[in-house]
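Listed below are the structures to be examined.
Note that subunit A is present in both complexes that follow, paired respectively with subunit B and with subunit C.
Entry: the complex of A and B
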């Protein structure tokens, strides 16, 4: 077993860190709305192109390299909203690339990898989040394709998206596993409305909102995969998502760990650095352990996905472990920084607010526990 | 047209160096190395010549794995191939030694133009390009802030001098070192970083027929600790702000 990254991966990591530090240094709180300028820079850097075949303008990197790159991005870019938006773009592309027809791939992947079009994926509805397959949005067979009706909520990139992968019930007669399909809807299609972004606790630059479909006609060729394949697509995509988003989180965790170490060494109380107090150092020790342990599992999942194997259990463990560790790390970092930690100037309070969502989206922590216990056979 | 660009890796300026126990060198294991920022200008300029004139661009460096990294950074920016004069581990060279090491490679490549950064950012050395120019009997212009290829194998360069500009017309072959501001070096996009791995990197041994020893040695290295000047304005806020503004105007 070799635990080292290869030369290519370290160079990708170093380039992204350098790029993000120098080019994306704006304070996330100052940004107003979707960070279009920073998005374009990420696109020029070809961050969104990483895992896609070269024939569509991609870099042809494997998933592990994409994960390492995302980790570096989460580490060096303080705008967690931007990082999340970019991850969503990549995840939409992976679904099109793995399940879409050749025609859909040629139609969408080149503009996706170049960041020219913004992509979103819409599963959650007001009445169904954790119970994702309990969705009500309906895609009825109609002439030339489907007629879409329903409302999605909390959709990342939704308010600014050019292209949305919409999951809807195509056949209510069969089981939930085989009655759902994934359809591509484009901005400007009749009957499709993108609502204003919702105000949130954190992830300020991320745009999340409702998408309304009222008799929206979708051509049959916009079906991703075959009819009824939606749940399979969703499950596969969740494995990637529960690896890619935690990769970004682990990067952020590493940055906060380093910030906390530096602060604890530099801040004195009672005549010595606060790092010498065990109650402080043990918090930092926990951060370091989460970083090292999370990384091992993260790379394991990524490697498993590169071998085209299922990793649902492992992906849930990674998602649960890293998102909870990030939340705790942020909370402890604020505590270690004392009063300064609570002030915006020191930036750790923003990381804390951003981190709260990590244990909610992509399946809540409780849902990950359910998945893990199901795999154990409980 | 053939362009050679000399590159060098230096510790990332954001890193905090530590002095080795012998007090004569800096510990390098913990340091992150990057392509020297001055060399980045040279690489960018070379790559632009490749793009505009179809010049063949080769990067050359001296050292070990750190130098390899500098070459790969240059590859990611668009240089097509490189030569590394591989030094045995632990071997340190002065500017003189480096120039002699480069000589056989440069003679063999026989470039029309050699580009390099105007100095290294770590030790502020500015010797190698000048020495190389001398050894090869090339003309030379240092700290150039603008470069144009002219008619009939000539080169027009711009140097910023105290209070003005100097435009120099040089014949090729020439050695030119680059100053900040000559261009804005590109960020290599990720596919270029990935492609860098497969670009040809040729390693050669240093020449045996010259004495590469320095003839001098470093006596000691120390870190400079700059104490912050602190000043507190007491009294009412209006006067305090006025005093502060005055101080900023005078001292800052």
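Entry: the complex of A and C
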């Protein structure tokens, strides 16, 4: 058991922090649309290339290194929407790399790692959120492939995506586990409409919206994995997702912790720094504990995945623990900052708004509790 | 032996609606609703740990988990590959 990062991981972490501070310093509140310029810089920095094989233009990094890099990105980049968009890109690539045919890998991974095309995955529907496999979007067998019909909602990167991994029912006659497949749909295909971004509480630069498929023909070779493998593919992808997104959240938590420490030590009341008041210091102690405990569990999951072992339970624990800790940390940071915390100038209010979503997407906290409960055998 | 071990785990840990000790080798675990999507995750963890195999990619198909017989055949195949590696 080794708790230290190696030299390469430390170097990657430090370079990403330098990069984000120097190149991505623009306040996210200045922009409402997708941050294309920042996206391109992230691509040049090879953030999207990290875990992919070199033959597709990737860096060949292991998953722990990717997690450490993502944590650094979440720490130094204040635009949580951009961070989430980049994570989504990586996660789409991991699905193609793990389950896609060689033809699909060669067709999509090079443009994915270079950020030339924006990727999205479409699972959620208006009537099926937490019950993801209750989806109604249909992909019926047709000449040369499938005919796709249905509507997806809240899809991250959806309004700006060039390529979408769409999960749809291919066989309604069998169980939900056996009847769902994953298909690649490209912008411009007939019958495919990308709706305008939806207004949200936070994550302002992240583009989420509806995707509509109306008799959209999808070639058979665009099937990711085999027909009926979609539900299992979805389960597998959740293990990576519930590790990668919390990595970014933990980075943000660390930044907010440091911001709170600096403010509490610099702000005086009743003749002494407010950090000397136990009601304030206790909040910051909780932040520190969440940071340290979250990091241990996060790195454990990433290391487990690098050992090609299953980590569904641990990933759910990480997702639940870090997302809830981030939300609490942000709320406490606003409280510690007092009236200034409520003002946009100090930026912690934005972190709070952004953090709420972390306990909802990629499986709500309640769903993580259900999963953990099942693993315990309850 | 492998089948009994799988059967015991499914019956006591996974069976939707409570313990079910009457699962046959050919019962359709997914189609009959004996295992749901959460159950697949738990089953995979159990199989990998219990039989020291790694199941990924092309092996992760519903067909391979459709019955105790198909799961057992998958484990035999994976264990054989491990032993021969």
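Following the convention adopted for this analysis, the second predicted complex is superposed on the first by the 378 of 378 C-alpha atoms of A that agree within 3 Å, B and C clash if a C-alpha of one lies under 4 Å from a C-alpha of the other, contacts with A are read in each partner's own complex, and residues count from 1 in each chain.
What we mean here is this: contacts are C-beta pairs under 8 Å (C-beta built on N, C-alpha and C of every residue); 3 or more make two chains touch, one makes a residue touch a chain.
In this text the structure is predicted, and so the values were computed from the model without any measurement.
Once chain A of one complex is fitted onto chain A of the other, the partner contacts of A:8 are limited to subunit B, with no touch recorded for subunit C.
Of the two partner chains, neither subunit B nor subunit C is touched by A:104. Once chain A of one complex is fitted onto chain A of the other, the partner contacts of A:313 are limited to subunit C, with no touch recorded for subunit B.
Of the two partner chains, subunit B is the only one that A:69 touches; subunit C does not reach it.
In the superposition on chain A, no contact is made by A:77 with either subunit B or subunit C. When subunit B and subunit C are set side by side, the one touching more residues of subunit A is C. In the superposition on chain A, no contact is made by A:42 with either subunit B or subunit C.
No residue of subunit A lies in contact with both subunit B in one complex and subunit C in the other. Only residues 98-99, 133, 174-178, 225-226, 228-229, 231-233, 235-236, 308-310, 312-313, 370-371, 374-375, 377 of subunit A touch subunit C when the two sit together in their complex. Chain contact summary for the complex, subunit B toward subunit A: residues 32, 34, 72, 76, 187-191, 193-194, 196-197. Taken together, the subunit A residues at the contact with subunit B in this complex read 7-8, 11-12, 14-16, 18-19, 23, 44-47, 49-50, 59-61, 69.
On the subunit C side of its complex with subunit A, the touching residues are 13, 30-31, 33, 35-42, 44-45, 48, 54, 56-58, 60-63, 66.
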